[in-house]
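Per-chain residue numbering starts at 1, and chain names A, B, C and D are given in the order in which the chains are listed.
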């Protein structure tokens, strides 16, 4: 399936670790739809993952960048424009990490150095990325910036830990910076709030499988997959959504507007 | 511009009055993207407008239907399937009318017969439409139903009068019916909350031009046009948004998440 | 416990059917806090319930009124001011009824005459009440009007049927009319979105007990009781909340902002 | 006016700088309502302000504490319980500061060291405060924790700068920690989203007076004052709101649910 929806568009895709990643699927689909892009990830993630396979498949170059490091971002944005031959039309931010989660620290027993570090990686990196793009005037008019988020920013999911607060910050940055990017550069900024997805990152959250089942039962159309999220992301990169901005868009089979489902009530009665 | 995004898809489009209508633009764009559809409107609207021009242009047939009349809806849905040669993939509900607005009755001085009638036309018609589609099993799996709405459902716009409450009801119907349509038929149901748009209907609201200017100043990307709304609607009819359901999606250049803009503050200081 | 929080205040309380009613508890507590008020309900509800017991206990008079009938509301508001000796400081709207629910009609198989009737009783009655209060200039400055609602207005609870849409309409009326009541009369208008409560009305909803258990497990502080709702309502009638208006206030032990709870996950795993 | 609403209750109040502070007004009103409490602020704020006047007036002691320093918080919470003679019933967090704002750094040109520091002071301090209260088991059952916030957490106010993102983080912490505090300790946690208020802190925001006028014109009941905010805060500390938790409560004369007002449209037309 290809519509040439992104023909002639240039972008940067953050966060493709392995073939389970949403960013990976987005890169594959963006390639099919005619886009050219640069892939990037933190050096440590590049070593752990298999991004070169993706780069070959999508005819892309990989530029390492620590998204918390402004110099790395400057280098990335400069190089990407050189490689792609012009300003950018789309950017995907798919980055998140909590050391408190990794180390098993409960939300009521945080190590605040880790909390700060997780915020920097997961959320302030999005500000740094946009500030660098903005200062370098690196986006074309009617370009589109998307970050992936999760509904824990609005509602409590106890095991999501400090990532909930990080995502709330991320979504706020999308609105706050989106205003200036819209007004000054005619660029749109949105977040996609995706179903729980069995990526390598997602599976690190405690009780993930049970939670996936719960979300599946609550969602009238079931959980959205990584591939479906990639497809949805493409619509936001396309010219068909030029006036959608500052939005947090739920892509979750309907979960976000459910109070309770019949399946859930039945599962509880068993 | 055509991506063949809706190639092979069949639908029904309500509410194309004249070339300013969002439904009109959606029909034109859906045709360009390869869809086949039936046009419909209330008999009185068919006489007032110029829908035959659109029908010729998009190679479509027009079937009159009063959307508050279940028998009319049954007839429409049966005929549409006969004409198009199968079940439906998309439906657009773009219907709204307040007699209190038309007759100049203030919100604090409603004529309740008119209030009921306006609700029936503007909002309960959406339930009737979906109930008829559901009972007749007229939608294909992964089909998409969209209704147009306005942000007065969430926030106060004093001149919008009882249409605010009608739109709140409409959006609730989208969620409530969307659950059953999703679970039982794998069909998604969403509403698009569009910028103020200078359609023939929109212009009937008191002080519309001043309000358009205000919204333009508040929106970082400016107001969304009818054509842009058509484009956005197509993404929701496409296969790229299969897991988006029960959502109210703002298509408004960012207005919905603005508290105040610099332009507005400057306009007030003048 | 009494703080004299409503000393010298006069009001009207709709919807006290029996001692399980939130309105009943509100009347008892308002009386303890020093308020004087008139009780009202529809003639049929007056026959079914035990409101005279409450009237004696709170030293109140009962004035029958069908809340869908503007003449009845006019009579009620005039009589109430005569009895109480002045304009009103507070009004509680606690009215809801769906014939589709009562008759067991599924949401996808509505009888639209019943849908209209349910809307009229449950939601348009709130507009009629406020329009009558407004036209008669019956509220004191800084008075407070409250209606009870339920979160089905925002999210899907499948068994709540068309009451979901009625509550969405009711909440919209609170905002829309609240603007004019605030600006013109300095009166605040809010809705309280209460936990599922085992009132005589609530228990009519299918699967109510199972649902109560679910909500209890999801709410960090457990479900809110009718008495607790009465207490909360008093704060909104008091002089301590003068600038709270147009709000929909969740009173639900935290349910509304939960995505999932540990108790629920554990209950599902059993 | 006194209702003895907080008779016998003990608490800690953060952030009373001078008599314009919301925290100052809250302390005065809490004292009138029978509460006993400890006042606290950062050492630098204690030197700049006039808190001793408040301490005398309310018969309170002042304990300095840097709210970003866990040891200071531990000391504060221990001492407060010693002084007051038992566990705490209420805590008010009214702390916010952005170095980027102070130093005139635009949102698109942040100094990230300052961004981190502002977040630590304005938002992570709330987590640190609650974590310390929780670990020390310092709150009585049905106690109440409130933090003050601003609507920039939901919508764009361009001059609010990085405080918008800080407030989004703060509100998320209220929900996330509120779940555990509710479930484990039966303590409620809420935020109050207040009108723009001419406190010493508020007035530091660029264009504050023009913005106050705008908000006044948009709010059907006008802006809420510091004293009115104090009154509202008391209701949340009282026993009348025991099941309100995880909420962000707008106290703003209706601003938050306005799309546009007649006054604003008229001001623009002049």
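Rule of thumb we're sticking to: a residue touches a chain if its C-beta (ideal position, glycine included) is under 8 Å from a C-beta of that chain, and two chains touch if they have at least 3 such contacts.
The UniProt protein names, listed by chain, are A, B, C, D = Enoyl-[acyl-carrier-protein] reductase [NADH].
Worth saying up front: this structure is predicted, and the values here are computed from it rather than measured.
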item: Least hop count linking chain B to chain D through chains in contact; value: 1
item: Contacts common to chain A and chain B (chain labels); value: C, D
item: Distance-maximising chain from chain B - centres being C-alpha averages; value: D
item: Fraction-based call for chain C against chain A, same above half, different below; value: same
item: Chain centre separation in whole Å, for chain D relative to chain A (CA means); value: 32
item: Approximate Å spacing (C-alpha centroids) for the pair chain A, chain C; value: 42
item: Contacts with 2+ other chains: residues of chain D; value: 155-156, 158, 175, 178-180, 220, 246, 254, 257-258, 261-262
item: Complex interface listing, chain B residues touching chain A; value: 1, 3-5, 175, 178-183, 186, 188, 195, 220-225, 228, 231-232, 234-235, 238-247, 249-254, 256-258, 261-263
item: Chain B-touching residues of chain C, taken from the complex the two chains share; value: 70, 107-110, 112, 115-116, 119-120, 124, 127-128, 131, 134-135, 153, 155-156, 158, 162, 164-165, 167-169, 171-173, 175-180, 184, 246
item: Partner chain B, residues of chain D touching it in the complex; value: 151-152, 154-158, 207, 210-211, 213-214, 220, 254, 257-262, 264-265, 267-269
